[in-house]
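These are the structures, in structure tokens.
Two complexes come next, and they have one chain in common, chain A, joined by chain B in the first and chain C in the second.
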Partner chain A sequence: MSKLLSTFNKVSAPNTATVLLVGAEGTSKHKLAEAMLNIDTDFNLNMLTASSLPLPKDESDSRPPVNFVVFVIDLSNVLSMTIVESSVKYLDVDYFLGRCCFVVMKAEDPDNQNVEMMAVTGLSDVYQSPMLCGDVKTIRNCQCLARKLLSMVEIAGGFKFGVTPLLIDATRNTFNFEEEL
Partner chain B sequence: MPLTENDQQKQQASKSGNGKKKTLVALRNAITYFTDARSSAKYRGNLNLHLALENIEQSSRSSGLTPPHILKLVKSITTGKWTEIVSSRLIRSLIPAAHVPHNAVVFAVSSLSAKNISDNMKCLFVRWMVLIYEYVDNKDTLHSLYGILFLFLDSDILCVHICRLLYLMTQRGDVKQYRVRKLLDIQSKVGVQPHIMALLSVYKLYSPNMVTVSSRIGNQSYFKQSDQKWAQIIHLVQEKNKRLNEDEDEAEDANEPSSRALDVHQPRKRRKLDVIPVLETIDRNERVPQSVKSLRKRMVPLEQIENFKQLLQNIDVVVLPNRIASILQSPHLYHVLTLFPDKTIAPRLSYWIHVSLYREIIAYPKSGENPKATALLQVITDFTDHLQESIPVCEWFLNQYLHTWNGLDYRIHILNLITRMPICSFEKMNDLLLEPLRKLYFCSGVYFKCLLLWCFTELLRNLMSVEVPRHRRAVAKQQETNIAESTILLNDTIFGQQTEQISTDNTIVEFINFVDNICVVGLQVEKNNALLMSYVLDFFHVTSGLYSRHGFKFLQLPSSPIVKRALYGNSAVFVSKINELLCRYSDEVNLMKESQAEYVDILKEKIPIMNNYVLCVCNALWQSKAFKNAKFQSTLSAIETYLPSSRRANASFSVLLHPALQMFVKKQQELNQTHSTPRTRELAILNSLKSHDLDGIYTFATTFVGRYARK
Partner chain C sequence: MASAVTPFRTPGTTPWPSRRHMPYTKTPTSRRLTCKTHRRFPRLRNERLQVSRIKELVDKTWKVYKATPFFNFSYKSEGLKRYSRHLSAHLEAESSKNIVDVEGELGEHGTFEIMNGVALSESDVEAVEITVKTKKQNGNEDGKVVLIGVLCSVEIAEECVIKNKQFTNLPVFLVKGNVAVTRHVINFLQAQFDSNIIAMHFPPMELAWMIAMWTGFIPDAEESNVATSRNIPLELVYRVPEEIEGLRTITMTIRAQDAKKMWKCVHNADSEEFTNEEMNSFIHGIEQHFYYHFKIKLAAMSLHTIRCSIASVDTDGRLKILSNTSVHEVLRHVTQLIVDSMPPSICVS
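Entry: the complex of A and B
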């Protein structure tokens, strides 16, 4: 139980959001974290990175509470997928109410994929968390992805007046509809 | 370092005519050695042979061989007199200076069936032909051997290279049913081989109706890169000669590459140049006897048509181009396509669009935008605009691409394509189209939100004015013929689409509800952004004409947060717009009331909401009791008792005090100090607002407010 990462077990610093990036080695999560830090925001942004969950035990209690978790999956890297699949289980259920998302890298190149896209969409459906595709190869694309993540962090952190992740989620229609693409 | 030495030799030769002559004489002597029947073919210890060989190799690698020399050497090799080593070295040095005479290639092809030449040599010849195909001076002659070359597919050794050669040579007229069958036979014998697939894919490109086997699209490397070194040498020699020629005659050389660039025989090469293939109609290989020709109807190939008038005169006798996609290059040619009765056009075009979209966008290896893809998307959008129907493969493409779209690449083009989507069940529409877009909507900036709303507005407009009527017609026709099937064939389309039996009304209602929802939340996220509000109201402007303009039997009102945000906001434009919108809706309700009783249920449900909105506007703007009916009445009265200055809260949204209208009101009051009664002041303000193009408020007042009602 203590291994679970939880949002509300610590008091957060005012006007501060902490984002945790989880992804295997070589998923360029540091580049993404840097891009996010380089964008101006109204709130203080802390970025943490981890190669897998659960996190080691926080003995000195120095770790801030995590507001938002981003799982990075590289479709050319099978390990990144298995790590995410095993790590998701260590998140508290609160995170799946709009406080976590999956970032998929190299989704545009079907010839070099070792992970099935369907597996990732399945994961995103099971955990009811959004999936974003993008890459960090060019500055333009990297910034585009970082901005998207930041706008989700802003809402999840409660910095948007009158908007919560659940409100956003309420606009979604769900049907059990499947058709082969 | 033989090459650099040769370069130096060459330079010296160009400086002194003598040196040049010397090398030429030496080359001529060397070639004479091989053409002379008396020369000894002995390889070991034959100094003359070795000297001649080296001479030919050197000069071919430095400056290439002239056409007569190539012809002579090929003739000599095909006699089968020389040993394998000599022959192979000779073939490898058949490097053209500028081009290869077609006769030489014909000789080489004829050697393929000769007995006195070993299989390895035959193989080498075919590989040579693949490499120099681009430089053959008269490709028609070579092309007439297509059928013969095709027979060599049976040979296991030659098969791969022959496939490659045929891949380069294939024209539309070559695609025959028996050839496809032959290829499939071979495939069933040896299994799925990339070279056979390559040839089949070219066949499918020209006539997808004949080749039903599904090839993996996007796999560009059918052939292994063999003979790279050889190809490189040929290329270098060509480049060098081109540069030398440029110095001598620039004008002549300028024609050379352009004619090559227009060469239509190489799908791979052309693909590098442009997305849309070059227009070419005449089957060059078609040899019709004169007697037959005169019997045929006079046909006009498209290239001969110079202007639109000619096109109109000849539209019934036009011959379609070899590659149907070349029609997309000019909007005038779209007419040919829509008028042509040929059923194979649609599959041919679909296949091409499918392959191109996949290759240029989905499987494009680099990140960022591909300029060719931009051009392609533009062409497809123009084309769908002309047809006023969506192309099924585009739908397929969007469904796949939107899933991984980052909202940035090809943004405008993708949104443009979305606006032309056909109608389908809402479940399908939601999962394949709206859900990915919704995700992007909420994590992108306000600009993207506006673009997306614009896109939804256009999509709704297109659905209502084009797609739904088409669907209705198809349903009516099916009911006439009494066919009970689950799918409906849309008859009046080029692409002959099939759709499921769906309730179009349901799709439209659900779609409007969906957009309404994301509008409300979007406005909250963006803190009432003016630009976003403008797009939201534009969307509902289109929705307000559902019954009167498009004959839908229902009414969709904007939800109350949207109305109130516009009404109590601080922009005069939106106050006016929401007034105007409510007037439009009331006209709509009145029309429905007048026409028939069948709308009673709808009206019963919607009229209270509508009345509520109207009352809300009246109270706020004209009755000075903005909060009289509000739920928090008790709180308000409590505030008023303790804070006397807030007594005017109820009047704070009247026309005279509304924050959004202050600018106009103050201006008007300065102009006309004399107006004393509120009534006259209000009238003056109304007229002033009308003169500022904010006539929504005026229209509303004359419609709903008793004292200003039109007499």
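Entry: the complex of A and C
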């Protein structure tokens, strides 16, 4: 049984989207998850969190298929970066066509920075997935980040007519970060 | 240096401002360990007869500031005397504005002097020392020194030497003194020389580089028979994230000789450069050791202070050089960090 997380091997419940947040402890995943659940949506939203991939074996097969994966990196925590770098390898290739995203926390404080920003942008370039910077310190910022993620989740769950994640990925404004990882 | 300074946009790059002007700097793949200019051969200007005052920088806790290039700074003695007079006048004006009577701590007499022995290579300009003393109480007694400031640049990179003769580049400003007088001196320098002086903060990544590089300067066990080497252990102080209650910092102390042994294993002996991978293995080794004994992941915390027999530095910008022999290396590294952290201004003519 493959350890890779895959999105198309199960049929999901109708009108539901499932989001998986992956990040080390201390990167405020749960605050972000609560903010996303507090926003009104037409569909049901399931939030799963994990501190690393691969996920433990699903004995009862009750785990819903994950539509969207968010990797949370904290710039003041080197461990969060190493965990994300090793977890990304356990994702099936379907996820990298618009169903995956990197979120960077604590990016506004270069004095306390432990992880190099260039390493994060390099990661985003290599896996061709969008990178969002945000923080959960104030409610307003937290809600803003949650809304950005939810707009991507909505598309990944197929709730927007005529728009697929692949379309978004193909028309995404890439930044062409020049430096290699 | 990983990225060269280019003010012109090369074809094929993005139209929006390039990332070099963002506050995030790229860690270089390798850094020089020792100074390029050999210290035993003094510069060919006429300072051979003058005593090097570099030892005065040791054993004092300096607060590091970074300064943009100074406009119209003259090294002639009339120039320096003029600046001293202006500084004294400025300080007197500031102290007369004071409503609260600060008990004699506010200095009133400032002097500018050239400090020999600090500047190293051909591209460095001479270092300047600013002293602020209180007014002489009696006729014969000299005032108490309230503030010492040193403006210097040690082995600055070639591309940062300013071709325009009107500007003088002295990026490193070390200050020892109380907050009020420091503020007045900084305001004076900013107004007089049209520059901007900001406090320097050393990010935790740079502190890791420092401790990894400077462990190499600790003398080996055989050489340390000489009484001059102080066997100060390596100390790393980590700050614990706020979510954890009851614990604020973790201090890890390593014996100097053990750290030196690990450094030798990590570092390629013939090379003058210290690479990124060597730095990562050194720090990783320390963290693994700590995890093995205490099951605490230091990788999740951020460094706040480092201390070794060469120097002690912390993230708020306090620097204390402890070794007489490695002052130039420390200042060279600080110069490089400060110059890297400032956007390229008028460096290219």
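Note that the second predicted complex is superposed on the first by the 171 of 181 C-alpha atoms of A that agree within 3 Å, B and C clash if a C-alpha of one lies under 4 Å from a C-alpha of the other, contacts with A are read in each partner's own complex, and residues count from 1 in each chain.
Quick note on the criterion: a contact is a pair of C-beta atoms (placed from the backbone, for glycine too) under 8 Å apart; a residue touches a chain by one contact, two chains touch by 3 or more.
Only a predicted model underlies this, so the values are computations on that prediction, with no experimental measurement involved.
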After aligning the two structures on chain A, examine chain B and chain C and state clash or fit.
clash
Looking at the overlay, what does A:61 touch: chain B (first), chain C (second), both, or neither?
neither
After superposition on the shared chain, which partner residues are touched by A:151: those of chain B (first), chain C (second), both, or neither?
first
Does the superposition put A:42 against chain B (first), chain C (second), both, or neither?
neither
Using the superposition on chain A described above, determine whether A:114 touches chain B (first), chain C (second), both, or neither.
second
Quick one: classify A:26 as touching chain B (first), chain C (second), both or neither.
second
Touching A:134, do we find chain B (first), chain C (second), both, or neither?
first
Of the two partners chain B and chain C, indicate the one touching more residues belonging to chain A.
B
So which positions on chain A get touched by both chain B and chain C?
110-111, 117, 175, 177-179
Chain A-touching residues of chain C, taken from the complex the two chains share:
13-14, 19, 22-24, 26-27, 201, 203-205, 241, 243, 297, 299-300, 302-303, 315
Touching residues on chain B, where the partner in the complex is chain A
218-219, 362-365, 367-368, 396, 399-400, 403-408, 427-428, 430-432, 434-435, 438-440, 442-445, 510, 514, 517-518, 521, 524-525, 527
Chain A residues touching chain C - in the complex, by the definition given at the top:
24-26, 76-80, 82, 110-114, 116-118, 175-179
Which stretch or stretches of chain A touch chain B in the complex?
104, 107-111, 117, 121, 130-135, 137-138, 140-141, 144-145, 147-149, 151-152, 155, 160-163, 167-168, 170-173, 175, 177-179, 181
